[in-house]
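Please find one structure pasted underneath; my questions will follow.
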Amino acid sequence: MGSADALWQSMGIANMAWGQLFMMLVGCLLIYLAVAKKFEPLLLLPIGFGAILSNIPVAGIAESGGMLYYIYKVGIETGVFPLLIFMGVGALTDFGALIAMPSTLFLGAAAQFGIFATLIGALALNLVPGFDFSLADASAIAIIGGADGPTAIFLASRLSPDLLGAIAVAAYSYMALVPIIQPPIMRLLTTEQERKIVMSQLRPVSRLEKILFPFTVLILCILFLPSAAPLIGMLMFGNLLKEAGVVERLSRAAQNEIINIVTIFLGLAVGSKLSADTFLTLETLGILALGAIAFCIGTATGVLMGKVMCRLTKGKVNPLIGAAGVSAVPMAARVVNKVGLESNHHNFLLMHAMGPNVAGVIGSAVAAGVLLAVVGG
Amino acid sequence: MGSADALWQSMGIANMAWGQLFMMLVGCLLIYLAVAKKFEPLLLLPIGFGAILSNIPVAGIAESGGMLYYIYKVGIETGVFPLLIFMGVGALTDFGALIAMPSTLFLGAAAQFGIFATLIGALALNLVPGFDFSLADASAIAIIGGADGPTAIFLASRLSPDLLGAIAVAAYSYMALVPIIQPPIMRLLTTEQERKIVMSQLRPVSRLEKILFPFTVLILCILFLPSAAPLIGMLMFGNLLKEAGVVERLSRAAQNEIINIVTIFLGLAVGSKLSADTFLTLETLGILALGAIAFCIGTATGVLMGKVMCRLTKGKVNPLIGAAGVSAVPMAARVVNKVGLESNHHNFLLMHAMGPNVAGVIGSAVAAGVLLAVVGG
Amino acid sequence: MGSADALWQSMGIANMAWGQLFMMLVGCLLIYLAVAKKFEPLLLLPIGFGAILSNIPVAGIAESGGMLYYIYKVGIETGVFPLLIFMGVGALTDFGALIAMPSTLFLGAAAQFGIFATLIGALALNLVPGFDFSLADASAIAIIGGADGPTAIFLASRLSPDLLGAIAVAAYSYMALVPIIQPPIMRLLTTEQERKIVMSQLRPVSRLEKILFPFTVLILCILFLPSAAPLIGMLMFGNLLKEAGVVERLSRAAQNEIINIVTIFLGLAVGSKLSADTFLTLETLGILALGAIAFCIGTATGVLMGKVMCRLTKGKVNPLIGAAGVSAVPMAARVVNKVGLESNHHNFLLMHAMGPNVAGVIGSAVAAGVLLAVVGG
Amino acid sequence: MQVSELMIEGVNLMLLGMGSVFLFLSILVLALSGVARLSNRFATDDDRDSSRPPTATPRAATESEEIIAVITAAISRYRQR
Amino acid sequence: MQVSELMIEGVNLMLLGMGSVFLFLSILVLALSGVARLSNRFATDDDRDSSRPPTATPRAATESEEIIAVITAAISRYRQR
Amino acid sequence: MQVSELMIEGVNLMLLGMGSVFLFLSILVLALSGVARLSNRFATDDDRDSSRPPTATPRAATESEEIIAVITAAISRYRQR
């Protein structure tokens, strides 16, 4: 009965390691959060399933020769998948609110302080025994504060592939938690009076401006920060497809087919990085803690910059919209709208919050570019 | 006139081998069956065209550097294409009928006897001079009895790549022939009385059960048969995308874009394995004969198990639905419905036959897992 | 401040070469033509953006490890992308007009003289100091006269990858310029009387003929010109998907998802070949000049053959439709229609011009096959 | 390997294979029954009502809304005559 | 290679190329005429009727059925007033 | 590298990073204002009217035409009764 023995030897219960079991439970938790709590389901469901698949003993789905291994190799190691997602995000995003009120870019800038504060935090964690984050690791962790999934995955794949799984999970989880994390901070830092501020309607934006926008951003990126060019380039390419108005077919492909297909593969491939030996470490706990701090600080500095702009404009800017500067599009803008409505039932801040919201995407891509240029060089 | 000579040397009529010509005719036959007879056209048309393209002399489309060579290399040698098809099948399949009546899994199990009987048959063919099937070859041939295209292609690509073309062609051809192969066997093994049995309506299935179903199957697969995990994992991932209800975009991508695109490439790549030197052998004739036997035996054991269940439930199960256990979704279930209607014009067995039908998919994936674990290890 | 220095060193303004700047402007020009002038926007917009991205200093998006490098490697170096586009073109093209009036194939043949005249022209340019075109280079340049984008890209990727960028840009630019280039030539070579000729209505074409058409073309290609088999094979495969009527899902995938996705990547990858050192050469000027000549000659010989057919049929053929033989589907056919309407307000030549128009696609694929067989062997 | 040996291996594999398939699917029958009992206990009224059609996609919704709008307009125009 | 030699090769290639293109397409003209005659003989009435619009996709069919259902409902509701 | 050195590098990177982000986005504010002024000068009336809904895809157009055709037919049939 040699073959029966071979079959027994190949069974999961005969080969299961505790770490694998635990990681499969982590995968189930992510799927639960995605399905039952609607936590970023488009990403967390495939990530969770990828985590389960890649931790199945014997099967080796994430090891050389397995499907997830190939998908990771082709799509993430090359950086292609996050860039294609960014193209789709660009094709789906209307930058009109930002173009109508460019000053909201300052809010998107301020909220990136969450990134750099987390960088310091990650390095400081090295004082705790058991942590050993290099500057590259710390930078990859810090980008969680950018509240932007594809940017985080792109940077982590470049600077610290071993931490990619934990970083992606933290980034998407906290993005889903934005409605819980942000409101208390927003209320703490603003007065009832400030939250009641009604903002004037945004001016209309011409088609020409919308077409010139991607070029404006790209030119500055080329001149001052070429290391951010892959991210910003693809974001602006997608946006140009959308705004050009002459390539409807391609715009639809970027907004639907490509981003949907890539999302499935990206999620599975990120999940394949949730293996016991890289995820079940003290470092992961550190990353999760730092990620939460990053979101809090980013929200706070965004709101504080909102208060500064409120002063400078003599009360024309509602400081709440600063919280949307962390990006987490469009969740953060919706949270701003909701908190604003609590103070004034007729004050819809959604469109005004979309400005800093998309500014935050550009802001964290810029921050990623700086980190790549200095640390990744 | 060296260039005129070069041109003549490069002509097809100056280089055509008889085998290539014959294989192109085989390709034409497959396309004829697909277009005129509607034999599994989604697969047989691309396979047939792939066979023509890959046998064109001089062009070398299936040789190193040619397009079909790359597609085969990337999609089939890695196993990625059949797994993506399986994901799409999962996203397209409603397992409700199976969840409502889990006992139909026994029918799906019994029908897999076609696989293992064919395994013995393939090995016995070695007694005939000219045949030399290894255990791996015989296992790959046997899986034709699973009546499931992607499973057959996946297993053949792992165990016996040289026979892949013949195996895939046999699998899809016999799946298309199910309406001709199955009814006589079904009538032979059942009495008119049995065929008239009306089954009680299926209970409704809650959304929670549908969401838990993929996990239930996957957990058992992990514990007892991880070698089937790639197949069952992707099938269940696709089904979870469908049932989760929170990732509509991804579910649509799996059901449409991905499965359609991959089907084209999979078909062409399988066709590229229909080259004269691997296909025009005695072994192919053996494979075709064994495939037919496999379908007949699978149908018979399915129906016989149906009779057993009929006895045990005191006549509550119509034995005809056992024939659907071979899988060949949804053709076999439709055949059951049709044969049932012949005996009782008001007896619609379609929904009841869907249970063993989808059970057959899981059953043959399990059988493939056993073969992989024992033979492929 | 080592890191500030690193940042400065990484800035675009510190590293920009004049050539890169110029190529980015070329990219902007292409995008301008695409958006404002609607010059083949589906291709020229991605090509232009690819040119910008690949010339960003430091970023290295088109260099080993960059995204565009991978896309070029996977899609163009293998020849897969242009072939997939050709499959989509086949699935989008109705060859009915050609089947109804096969004699229009002679018009499609005559217009290919533009290709071979350009070949001589390219070789003759070697007499001018600074030019050094090999026979392979000249062949790749000549194919611009085929007025068919994917054929040009496929041939250039095989024969002269360094010139691919310039060739693709020339091919698509002149295709967009067809409404400007062709009418004067058409008017010059025909009399008012000829332009007024009304052609009899095309006979209806049966479904069987439409299904047999791809096989007819493919069989001739196999017998006489297998080197054209990848191009003609995929064109006819796409057409069969469309006409078979039993693989609606695959036909839609070829016509939409696949061609749209591949067009984005093909455009970006072609753009990545617009680097300063290969594009900013005297040769590019030569290619642009030769391309214009190729279109003019092709148009002229097409019209002249139209005049011959007019004589032979005793005035039943309007010679204008010969101009559509250059392909440039469906632009050239529309131009014919427009010029025809100028002479006779009730004479709609569109359907009659579609015959030579699609014949031109087959004609230039045949010409590409000859060049590949003789030069690429 | 001799054919007879191969055949013995084949018969072994057949027994093992059919045994595994039946065992696996039997456990699955048990597991599914367990899940059914479990989920019936936890199921809310909303969950049980699975007879409703699958949620329409947003796009479809928009389309039928458009249709209704168009019809309403057409009918109101017709009434004005 | 000298330019003159290249030019000779080029002219050769031109003659060969145009010859091939014309020959190939001429044979295609013959072949298509043959196919036309052949398929006219075999064509059923159903086949010949190619003027009908291409078969609608199932999805489209469903959509227009939906539209008709919606309209019918709207009109019947309107009649009841 | 010691933690203290790392920390110093980190603080440097923070200053540099936040500086870069602010500088970059400030320049972008200026650039966008410039573009807005520029494009207002060149904008035609047609361009400015961005409140109109995005251009419908040809397919959508066909669909609504179909709908209108179906409705017209339905209503005319209804009138004939």
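Some observations on this one:
The first chain written gets the first letter, and so on, giving A, B, C, D, E and F; residue counts start at 1 in each chain.
We take it that a contact is a pair of C-beta atoms (placed from the backbone, for glycine too) under 8 Å apart; a residue touches a chain by one contact, two chains touch by 3 or more.
Note that the coordinates shown come from a computational prediction; the quantities given were computed from them, not determined experimentally.
When you average the Cα atoms of each chain and compare centres, the chain farthest from subunit B turns out to be F.
Put simply, the chain farthest from subunit E by mean CA position is A. Centre to centre, using the average C-alpha position, subunit C and subunit D are separated by 47 Å. Between subunit A and subunit D, the centres computed from C-alpha atoms are 32 Å apart. Work out the mean CA point of subunit D and of subunit F, and you get 38 Å between them.
Between the CA-based centres of subunit B and subunit D the separation comes to 19 Å, rounded to the whole angstrom.
Among the residues of subunit D, those touching two or more other chains are numbered 9, 13, 16, 20, 63, 67, 71, 75.
Chain contacts: subunit A has residues 3, 7, 224-225, 245, 252, 257, 370, 374 touching two or more partner chains.
Subunit E makes touch with subunit B in their complex at residues 9, 12-13, 16, 20.
On the subunit B side of its complex with subunit D, the touching residues are 96, 98-99, 102-103, 105-106, 108-109, 112-113, 115-117, 119-120, 123-124, 126-127, 135, 138-139, 204-210, 212-213, 216-217, 219-220, 224-225, 245, 248, 252, 359, 362-363, 366-367, 370-371, 374-375. Subunit A makes touch with subunit C in their complex at residues 78-80, 83, 211, 215, 218, 221-227, 229-230, 233-234, 237, 240-241, 244-247, 249-250, 252-254, 257-258, 370, 373-374, 377. Listing the residues of subunit B that touch subunit C in their complex gives 3, 6-7, 10-13, 15-16, 24, 28, 31, 34-35, 38, 41-42, 45-46, 49, 52-53, 56-59, 61, 65-67, 70-71, 256-257, 260-261, 263-264, 268.
Within the complex, the subunit D residues that touch subunit B are 3, 6-7, 9-11, 13-14, 16-18, 20-29, 31-33, 35-36, 38-40, 42-43, 47-48, 50-51, 55, 57.
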